[in-house]
Amino acid sequence: MMVVYSLALKRAIKQKITLVMVMLFPVIIILIPPFPYNIIPFSFTIYGLVIMFTAFILTKQVLDDRAQKTIVRIAASPLNHYAYVGGHVSAYMSILLVQVVFFMLLAVFRFSVSPQFFLVSSLIYIVFALMSIAFSLFWHLFFKSYATSIAVYSVVANIMALAGGLTVPLEMFPERVKDVVVVLPTYWFAYSLDASYNGTYTNIGYTLAILAAFTIGFFAIGSKRSF
Amino acid sequence: MVVKLNNVIKRFDNRLALDYFNLEIGKGEVVGLLGPNGAGKTTSINAMVGLLELDEGTIEIFGRKVNGASNDIKQRIGLVTQEVTIYEDISAYENLLFFGKLYGLRGERLKQRIEEVARMIGLEGRLKENPKRYSGGMKRRLNIGCSILHEPELLIMDEPTVGIDPQSRNYILEFVKKMAKETDTAILYTSHYIGEVEAISDRVYIVDEGHNIASGTVSELIGKVKGDNHIHIDVDQPQESVLDDLKKLADVKEVSLNENRFQIVTYAGVNIMDKLIAKLSPFTIRNVRNNEPSLEDVFLSLTGKSLRDGTVD
Amino acid sequence: MLRFYGLRVLKDYLGHVILIGLPIFMITFMSYINTPEGESVAAVAGTITIAFLLMFHIFGAAYTHEGIEKDFFTPMRMRLKAAPVNPVRFIVAMIVYSVLISFAQTLVILAYSMVVLGAAFQNLPLVLLLFIINIVFSQLMAAVVILKLKKAAKAQAVMMAYAIGGPVLAGFMFPLPENTFTRFLERYSTPVAHIRTAITGVLNSDTTDIVLGAALALAFIAIITVVLVRLSESVKT
C-alpha cells in the first residue's frame, strides 16, 4: 500500500492544479467578506465546495487508471485491490489535510476564531474531506471519461452546495426546504459548522456520525473494482 | 507527373526535416513512402498539401509550382490523416455531408457521392450511427471516406491502417489498388507495415533523415540486396560455440543465433548448404529454409536496426 | 456549411442540461429562499433570473472554446487546413452558432421564469439586446483565450477565473464591502458588470446607466474583435 501511496502522492503533486487548489483557493476564500449579520462567515461554508472540488480533481487518477486500462495491469499484479484504493485515499487525505490546516491557520488570522471552534471545525472539515473523496470515487464509477464526469459533477456539486447551505446561509432556508435537504451530506456539514460557530457542541457528534455514515456508504460502492 | 518534389529543403529551427528530398508520383500510380520515425514523411506530406512553406526546392502539383496554401490545389487533393479525424458526436452521414460541402459538393451530387463512397468503404446501412459506436476499422474507413468524396486526383494516405483488424486492413489495401486502377488517382501511401507497402505499391521511396536513400519498384529495391542469401536452420538445443565454426566457412558473411534458429547470410550464387549441414550435424535439424530477401530486409539494411526514438540498454 | 456547426452545438445534450437545467434549479431555489413564507416569489424572481443568466452566459462560452479546441488543437486541424476553405470561416461559424444557442437557452430560462415563477421584466426587448451583448462578448473572449493560450487546460482555467471572478466583482455572489472602489468594481470592472449596470438602468428607467453600460460593453467587444482578427491569422499557417 505504501508503494501506491507514494505513487498517488507524486502524481497528485505533479498536477499544477493541485497546488492551486491547496494553496491559492483557501486564500481567495478566506478573503470573502463575512455577512453583516451574526452568522458564520461565508468563507467557512463555501470552503466545503472547495474541498469537494479538490477531492474530485485528486481522484481523477483513479478514473484515468480505468479509462486507460492501467487498472487491468494493476489487477493482474499481486497488489490487493483494497490496498490500491487505500493507498490512493491516504494520499488524497494527506493533501486535503494540508489544505485544511492551511485554511484553518488563515481563519485564525482573519477571524480570530476560538480554540474550541478551531479544533471542532478542523475535525468537521477532515470528516467532510473524507466524505468528499468517497463521493468522488463513487461518482467516477458512472463515467468513462473525466471531461464528462467533471461536467456533470460541477452541476451536481453546485446543487448540493446551494441546497445544502454552503453557498446560502442555512438561516435563510424556510423550514419546509430544510425538511427536504436533510438527505444531502452538505446539509449536515453546513449544520455542524453553524452549530460549532454558535458554540453548540452537543449535536456535533451526531452530525459527524451522519457524515461518517455517508462516507461509509459511498466508499462501499465507490471502492469496488471496475474495468 | 501529378506530383514532383525537387530537392526540397525544410528546416525547423536547427533541424533539417527535409534534405534535398525528391519524389514523383504519376497518374494512377501507388507510391509507397517508407521511413523510420522522424524521417520526414509527415513533413513531406504537409509540404505537398500546402501546410508549410519550403526553405528551398520546388514542389509541382498538377503541373503547377506551389509553395504554401493554394485552394485550387487543395480542391484536387484528398488527405487521409494518420489520426482518425472525424466528429464522433454526430452521425457518419453528417460527417460525410460536412466534408463533402467543404470541397464544394452540393445537393443531389453530394447525396449521390455519399452513397457511392459508403459502398466503397463498406459502411452503407451504418451511416446514421455515431462513429462513437464504430469499431476501429470502421472509423478508419470513414476517415478515408471523408477524404475521397470529392474524387481527388491525388490521394495522400498517412498510415491509414494503424491499429485495425486484419479484415479492415485487407479491405483498405484492396480499395487502394482498385482506386488507383479504376479512377487513375495518384496515391501516396505511407506506412510502418512494410508488407502493406510491398503488396500495393508500384514504386517505393525509402527515406531517412529527410532524404531519399533508395527508390524504385519493389523488385528493383529487393535486387539491391539480392546479392545475399539468407538461410535459416532450426535445430534442437543449439550451442553458441558452433557460431565461430560457421563464421570461418568461406562465403559466409554473417551468422547469428536466435533462440533455436541459426541465421546465416552468404554471398549470392554460392551454395554451401552441405558444409552448413555438416557443421550443424551434431544437432537435430528441424527445418531448413533459404529465404529470398524482402522489402523489410531492404529497409532494415538501408536504415539500420537500431531504435530511432530511444535506446535499449 | 455553417449549419453543421449549429448541429454540433445543438447535439451537445449534456451542455443543454447543464446550461438550462442548472440555472433553472438555482433560480427557483434562490427565489424561494429569498421570499418570506406566504408571499409570491415573483417579486424577486426577475432580479435573480437576470443575475444567473449573466453568469451562465459565461459558462456557455464553453461551446466556442471546445469547438475551436477540437478543430484547431487536435489532429483534426490537419484535415481542416487541407480543405480549400479559409480556416477563419470555421471560427466564425463556431462563434455565430454558439451565440445563437446560448441566446436560445436564455429564452427558455426567461420563459420558465415568467411562466412558472411569475417574474416580470420591464422593457424585455432591451433586456434581451443587452443579454445578446453579454453572450457575444463571452463567446469572443473564449475564442481569444483558446487561440492565444493554445492549451485547453490553461484556457479553461482563464475562462473559469472570469466566470467566477466576473460575477464576484459585479457583486452577484455576495455583497462586497461598501466603499468607492467596490462600487466602481460592481459597475465597471468587467463586461458582465457593464451589462448588469445597463440592465439595472432598464429596471430603474435610468437612461444614463443603460447607455453607459451598453457602450462600455460594446467597446470591449470592439477591442476583443480586433484581437481575435489578429489571432485568427495564426490558424491559417
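When the chains are written out, they are named A, B and C in that same order, and each has its own residue count from 1.
The definition used in the following text is that contacts are C-beta pairs under 8 Å (C-beta built on N, C-alpha and C of every residue); 3 or more make two chains touch, one makes a residue touch a chain.
Note that the structure is predicted; figures quoted are calculated from it, not measured.
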Chain pair with the greatest number of C-beta contact pairs: B-C
Centrality ranking, top chain (CA atoms only): C
Centroid comparison with subunit A (C-alpha atoms), farthest chain: B
Whole-Å gap separating subunit A and subunit C, where each centre is the average of the chain's CA atoms: 29
Approximate Å spacing (C-alpha centroids) for the pair subunit B, subunit C: 48
Separation of mean Cα positions, subunit B and subunit A [Å, integer]: 52
Sites on subunit A touched by subunit C in the complex: 17, 32-33, 35-36, 42, 148, 151-152, 154-155, 158-159, 162-163, 168, 172-174, 177
Subunit C - residues contacting subunit A, complex: 14, 17-18, 21-22, 25-26, 29-30, 32-34, 37, 157, 174-177
Residues of subunit B defined as touching subunit C within the complex: 46, 49-52, 69, 71-72, 74-75, 77, 79, 81-83, 85, 87, 89-90, 94, 97-99, 101-104, 146-147
Residue ranges of subunit C touching subunit B (in the complex, touch as defined): 1, 4, 7-8, 11-12, 70, 74-76, 78-85, 236-237
